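Labels run A, B, C and D following the written order; every chain starts at residue 1.
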Amino acid sequence: MEMTARLGKLTLKNPVTVASGTFGINYADFFDLSRLGALVTKTITMDPRQGNKPPRLFETECGLLNSIGLQNPGLEGFLRDDLPRYREFDTPILVSFSGNSIGQFRKMLERMESFEGIAGYEVNVSCPNVEKEGLAFGTDPKVVYELTRELAKITERELIVKLSPNVTDIVAIARAAEEGGATTIALINTLIGMAIDWQTGKSRIARGGAGYSGRAIKPVALFQVFRVAQNVRIPILAMGGISTWQDALEFFYAGASAVAIGTRNFVQPDATIQIIDGLRDFLINNDQTLSDIIGKVNGIES
Amino acid sequence: MGKRVINQVCRITRTVQINDAYFELWFSSPEMSELLEPGQFFEIMTPGSERLRIPISAYDKHADEIGMMIKIVGDGTRQLSTLKPGDALDVVGPLGNSFTRPTDKRVLLVSGGIGYPPMFMLKKSLDESNRIWWVHGGRCKQDAFDTDCVFTDDGSCGSKGFATIGVEKALSEGGFDWLFACGPEPLLKRCAELAKAYRVQCELSLEAYMACGIGVCYGCAVAIKENDEIVYKTVCKDGPVFNGENVVWK
Amino acid sequence: MEMTARLGKLTLKNPVTVASGTFGINYADFFDLSRLGALVTKTITMDPRQGNKPPRLFETECGLLNSIGLQNPGLEGFLRDDLPRYREFDTPILVSFSGNSIGQFRKMLERMESFEGIAGYEVNVSCPNVEKEGLAFGTDPKVVYELTRELAKITERELIVKLSPNVTDIVAIARAAEEGGATTIALINTLIGMAIDWQTGKSRIARGGAGYSGRAIKPVALFQVFRVAQNVRIPILAMGGISTWQDALEFFYAGASAVAIGTRNFVQPDATIQIIDGLRDFLINNDQTLSDIIGKVNGIES
Amino acid sequence: MGKRVINQVCRITRTVQINDAYFELWFSSPEMSELLEPGQFFEIMTPGSERLRIPISAYDKHADEIGMMIKIVGDGTRQLSTLKPGDALDVVGPLGNSFTRPTDKRVLLVSGGIGYPPMFMLKKSLDESNRIWWVHGGRCKQDAFDTDCVFTDDGSCGSKGFATIGVEKALSEGGFDWLFACGPEPLLKRCAELAKAYRVQCELSLEAYMACGIGVCYGCAVAIKENDEIVYKTVCKDGPVFNGENVVWK
């Protein structure tokens, strides 16, 4: 079954990858990572980061709160220790990274350009911008445009910009990334949520607010993917609560070209493989290809 | 670490209702049984569950059979308590590191409440050359298990008071080389302090809220001293067993 | 047990009311509506509205999508047919209303001022503003400030501004409402979600995007309530996925002065009463009052 | 409307497995039984459910006992199919309006699939002075129930084809005053057209996705002609029974 997916400059062997921060090489114990359409790394930053105070996790009724705080070994640690291991697999490596200024983003990308075995980048713009009073990069279309343009200038590789859903106008941000030269839009990053122990009044997460992911956010992700797909021409890598191949189909109908699995990996380590297999069987049984489905949502009347 | 982790749907072979709150769950897995070491744990769920897996320590093993001892504290553990022999259990493991196993030493085991199972397995795996004394504490009779010295908060079984009394007593009598403990944080913290005071080597099994269980999400962080720096280690992969001296208490 | 709640200018007999659009007089079949802390009406508009094309509802895994489109009999229909029936109950009536321009909001409020038995208003700013290219009022702090100020000038009654959560900076909007003279902030209105039938590609809701409510949105609501409570001095009426008295306690800890029950009414018609009773028992058993709990979330370290 | 709606946790008194897909559920409620009229429905759930209630038509009643006939089509109805006598069922109802009950008329009943139960109750409540002919259609044998004239799409029971064939045949033979129908939308639409063509009065029981069930949320809207205007009516409160002439089809 032909299941290749076009994602910007890349052709993936199938349209299923993993969401940044929810996956790692250790999953190779469970299945051959070469089966994935692509491999997205955890977000790395220029310098190593300790991450946030624990507790960092809490499972709500239908989703997951996390407050990892981008704990990571820093760019050099990643390039030295992790990248070589990622490269062992026969699938494109997409490095997720984040900076605290446009300059830092650029420096990081320049450094990575000199390394082989990176198929592209996922630019995480959900982090605070030190040049703009700590407001997240991803909330201001102008900043997203400038950042993307700077990065697009210096790489020929796939350039994915991953958006935060916590904005008034997601379309404006997506368009800014497209105009800046992004080759794919990824969405959504986590919503922001909170939980409190009603017996003690204690916040379940040390930081208070936390990233909210999983099944609960799927409808929100689906709508944002739909909205963005209606308004940009570059492909969309969709994520947000995708747990089954049926969920993935919803996102394809809404306009996604590929999907990433996040929180579900924690429950079912081979969720990606089950989704790949489920999609393939569905397409065979229905004698369809992905292009018969992508963006073909119907029944909408206003 | 290089240790292999397996994800298998296993059969429940046996269940034991210990009392209203505790039960044992045994499943069969030759592969995991072979790999398993004391201190390690599993992430388990009933097939089809939508929720995060539940981390549960290894308690015992007999050939291919692995036993867990579980306390009902919420929906997930209650659901597990309804499983019957023959039912399927989706297991990821064995996970995490394990305890040091000394030889020819005096060893103090300390457990609080549901900290009992890993100590049980450790004890079984310790060489006969060691001399072992085990102090256990619980809130009430229900949480009291067969050990050398039992404390309960309400005095309903063994001595009344915290297990730390027994720990201090044992250490003050002298002669111990090792202290291994698992249980609630205040107990572990006190064990670490006492071990230090009495110059006894100390390994503690910690708990943390977990998601992946295999060291990729950094959700289960615990602050650990490492070369005079404080870093966040993962309880699921770097732990659950840490040197008591290095744990940074809240 | 003393359970009165201060909500702006009002003192409610208990801190539990209903979320606009999820409740109506018909619930009087199930319990005495006078037991509620207050009664919030469905949002009314100047002219009668037909509402959106069906299908208008779809239940997702953990929440509800709705696309009612503010079907309502219009202001005059409401004042003539509904208000007299609401007034039969011994509880403050809060009329939720919405306009398509600041002028229309003002006209509606002026008309209502001449009617007895209205304790206050809940200003629904989630609707498109015809003067600003149809952007929702609630997305622009300046507009929210102006609107609130205009309305505050002409009423002495309780003036609640109900915010949409779908903005980049909820605190800025809440502050604008406070500065404009709102006496209470209500939040959150629905998120926006979508669902697609994976078998047919058909949107489950005729309009595509739809309001997303229920259990799934509770963590998002809790965080926004917390954030706003940290940044305004006026009380907060909280809603978003509250189904149990334990949920309500979380919101009180986060800083809410009162809570409104929405989607849960559909499952359990007397949910409000069960929550009132549960809260009362909890406070008695713990020998606490609401003020021991409101805003007292702890364990947050950054 | 002034009709009272009750919310009660009732006991299941009886369950009948009709075939793999259909079952009957009977519960006891003197209060609801007294109020109940044919065409009305209930919103039911198992106590403690977190999901929306499930709208199910009244099918039959015997004194205090009310019967429903349910088709398993998803998680909610599958869950209901596991209920046993003695179990609790949380019921809101009776809901909605009911059918006109003519006297001394020729009446054509039409049901498609799970449109059967309301027609069954209507038939039982119709005065003996009426002469009744009942056409039922289903996809296969499973969906075919005992009526005067049965159609199945696959011909596995009764005549092969759509129920509309039987409806048209009956109407073309003439003499009917009333047509009552419940079933899938294409069937109802065709019934409305045929009733109009043959100048027969027509009442249709519609379905819609529901939340509140009592006319407050406007979620279950259906487009209805009213004084030459098209307005959205609620299926749960203004319906589920509408005059066939007034329904605006998609």
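Throughout what follows, contacts are C-beta pairs under 8 Å (C-beta built on N, C-alpha and C of every residue); 3 or more make two chains touch, one makes a residue touch a chain.
Please read all numbers here as calculations on a predicted model, not as lab measurements.
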| item | value |
| --- | --- |
| Contact-graph separation of chain B and chain D, given in steps at minimum | 3 |
| Relative to chain A, chain with the most remote C-alpha centre | D |
| Gap in Å, rounded to a whole number, between the CA centres of chain C and chain B | 47 |
| Averaged-CA centre spacing for the pair chain D and chain C, given as whole angstrom | 35 |
| Computed distance of Cα centres, chain C from chain A, in Å | 33 |
| Per-residue multi-chain contacts in chain B, two or more chains | none |
| Numbers and ranges of chain C residues touching at least 2 other chains | 215 |
| Arrangement of touching chains [line / ring / star / complete / other] | line |
| Every chain pair in contact, whichever chains are involved | A-B, A-C, C-D |
| Contact footprint of chain B on chain A as seen in their complex | 21-27, 29-30, 42, 50-51, 54-59, 64, 66, 68, 71, 215, 243, 263, 265-267, 269-270 |
| Of all residues in chain A, those that touch chain C in their complex | 52-53, 60-63, 65, 139, 166-169, 191-196, 198, 200-203, 206-209, 212, 215-220, 222-223, 226-227, 246-247, 249-250, 253-254, 293, 296-302 |
| Residues of chain B touching chain A in the complex | 4-7, 45, 49-53, 92, 208-223, 231-232, 237 |
